[in-house]
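Both of the next two complexes hold subunit A, though its partner changes from subunit B to subunit C.
Presenting the complex of A and B:
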């Protein structure tokens, strides 16, 4: 039995540009087979029990297997003139969808997993940053996150201190805002939209909205995919595969404040698909 | 089954290297420090559960590959790179097993075990292989073997196999009585693998 709270959320199920006519993309959502296909100019997501609620946004098709509890989260930057929207395709990962999101919210791994790209020893310190669960939007936000990076983005020439903001926008989607090397007044926006195939298998769709009109699209995608493949080597080797929500099984520190808030928020909202509730 | 489980041959784990191991169903990280000191721990970093067998050895410590937490030979966390000035609390500790070398074999047992590892002094280590079949298939091929727990002696050849259950199959760590027979025993082992795996398929 999947909890209603889980069923009533929005999940990414396809890249909108890739959807063709029936049978379209045959895939899985929360353990159930679905087809994502086009009919005329409509996109339909069909499961064994009928058609699911559908929304198109940020280059992706979103489906809700239950009754949508709210609209899909807003990303105003997606409509901002001058930004380039980049879909990066999917990476399949043998891990809980929640572990994939938590890893995206984590900076302390940069020097060890994305060595010489997003981080490098000896610049390993994670300073104090602020985390809150915003009551108005019901989202987890981490702000004032600073980190030294040797090559923060495809367009960055050398090492800089990058400032980040992280935002958990939905149970399996997160967005980060980072200092934009080409435009000091704006933030680069990078999202990961995670499709929960099962509790221990997911497809991750990175997505970007950048001020960068020089780097070729292929290079941007390749950069993002290289980063994500490095993350996958971690995600497929964490024990247990499910994300432990009860304290005691894992040991967080101050650098993990975002992860602590994310776990608490999931637990409070009953969004426990992919979570381990009792310490095993 | 035995309490002390063979986890490979000493010659296959040089200083500065970490490898995956297994004690019955438990997955392990086994590593040798720069000075040669062996350690075997549960294959799970206490921070976020990353496999420590994917980590890296620096001097006398093992670091986790995810966030670089540094662990000393006693399993205690020495350093958390995200907080360089902090002294990690003593409660952050890997799950430590006993790990010794005897007769050129790496032996592992839970921390509380008081018996000694099997004494295979005088034998020559040959090599380790993985059999993708079970003990029954192996027993059918090695009709003359004398089994004492996980140690199977094959008198006709002067060979000894230390068995180890692993997720990928049955680990066979082979030794022989007569050093001059190393090559012959190694070839024989290839035949054993083939016959046992074919037998398991039939």
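Presenting the complex of A and C:
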């Protein structure tokens, strides 16, 4: 039995540009088979029990298996002139959808997993940063995150200290804002939209809204895929497979503030699909 | 020399790795294999009718088979040092095609949603790994580390990527100690480069020195 709170959330189920006519994309959401297909200029998400609520945003098709508790989270930068929107396609990962989001929020692993790209030894320090659960938007935000990066983006020429903001916008979607090497007044925006197939299997749709007029699309996509695939083998080996929401087996450190807030937020909202509820 | 490349492709990585080990500088052009399937486009097929990656172009020479590219990039000692060794290298190049059709397909299935019989891919992959581990174990007993002869050859580079990436397709390497040692030897070669899913040997790097606190770098 899946909790109503889980059913009433929005989940990404396809890249909008790649949806074809019936049967379209046959996939799974929260353990149930669905088809994502086009009919005329409409996109339909059909499950055994009927059609699901659908919304199109940020290059992707979003579906809600229950009654939407709220609109899909806003990303105003998606409509900002001058940004390039890049859909990166799905990568399947044998892990809890919540662990995929949590990994995206973590900075401390950069020097060890994304060596010489997003981090490098000996620059392993995560500076102090601020985390809050914002009551107005009901989102988790981490701000003033600083980290030394040898190649922060495809467009970065050399090592810089990058500033990040992280935002948990939905139970299985997060967005980060980072220093834009091409445009110091703006942030590059990178989203990770996670489709929960089951509690231990997900498909991850990275998405970007960047200020970069020069890098070819294929290079941008492959840079993002390279980063994410470096994480994949780590994610598939995390134990326990479900994300523990109660303290017990895992000992957090100062650098894990965002993850702790994410877990508390999930627990408070009852968004426990992919979570381990019993203290280990 | 220009390589048409996809960062997650095991076969493209063979060529990037070989070039790095030889000290050859490659110009790479990213092809949107996933999700764009640009390698199947008419444009790309005019370069390579088979619609496969990688493609290596050097002047008028266009190579579309990764094993041929390895031959082209290799210094002579990487091709086998006698007729018998050169022939054994060819044996392993053919074996590397079996790895691609089994472990490679299992990985594409699990990671990029390629269709196919995942159990059959994995079964065939495990058979390959057993063969490889048995061979490498015999080599170890004879005091050797690599697939053919006493030094690395293109056979090692052809086989290494799909073996090292086997866990991406749900096939573990824990049961194959000789493969693990061989993988370590390859990752320790001067000039080695990594790819997503194949990690460098952090322990071979010099011990980190003290660095100034982050706030002083801001």
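We take it that the second predicted complex is superposed on the first by the 279 of 280 C-alpha atoms of A that agree within 3 Å, B and C clash if a C-alpha of one lies under 4 Å from a C-alpha of the other, contacts with A are read in each partner's own complex, and residues count from 1 in each chain.
Quick note on the criterion: a residue touches a chain if its C-beta (ideal position, glycine included) is under 8 Å from a C-beta of that chain, and two chains touch if they have at least 3 such contacts.
Just so we're clear, the structure is a prediction, and the values are computed from it rather than from any experiment.
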{"item": "Subunit C versus subunit B on the shared subunit A, clash or fit after superposition", "value": "fit"}
{"item": "First, second, both or neither for A:133, with subunit B first and subunit C second", "value": "neither"}
{"item": "Contacts of A:229 with subunit B and subunit C, given as first, second, both or neither", "value": "second"}
{"item": "First (subunit B), second (subunit C), both or neither touched by A:121", "value": "both"}
{"item": "Included angle at subunit A between vectors to subunit C and subunit B, based on C-alpha centres and rounded to the nearest 10 degrees", "value": "50"}
{"item": "Subunit B versus subunit C as contact partner of A:240, first or second or both or neither", "value": "first"}
{"item": "Touched partner set for A:148, first subunit B, second subunit C, both or neither", "value": "second"}
{"item": "First, second, both or neither for A:255, with subunit B first and subunit C second", "value": "first"}
{"item": "More subunit A residues in contact - subunit B or subunit C", "value": "C"}
{"item": "Subunit B versus subunit C as contact partner of A:221, first or second or both or neither", "value": "second"}
{"item": "Which superposed partner A:88 touches (first subunit B, second subunit C, both, neither)", "value": "second"}
{"item": "Which superposed partner A:56 touches (first subunit B, second subunit C, both, neither)", "value": "neither"}
{"item": "Smallest distance from any CA atom of subunit C to any CA atom of subunit B, in Å, after fitting", "value": "5"}
{"item": "Residues on subunit A lying within both footprints (that of subunit B and that of subunit C)", "value": "112, 121, 124-125, 233"}
{"item": "Residue ranges of subunit A in contact with subunit C within the complex", "value": "15, 18, 87-92, 94, 112, 115, 121-125, 127, 146-148, 161, 203, 216-219, 221-223, 225-230, 232-233, 236"}
{"item": "Residues on subunit A engaged by subunit B in the complex (per definition of touch)", "value": "106, 108-109, 111-113, 121, 124-126, 233-234, 237-240, 244, 249-255"}
{"item": "Subunit A contact footprint on subunit B (complex, rising order)", "value": "27, 43-44, 46-51, 54, 63-68, 80-84, 86, 92"}
{"item": "Of subunit C, residues touching subunit A in the complex", "value": "6-8, 30-32, 34-36, 38, 110-113, 167-168, 170, 194-197, 200, 202, 205, 208-211, 213-215, 217-218"}
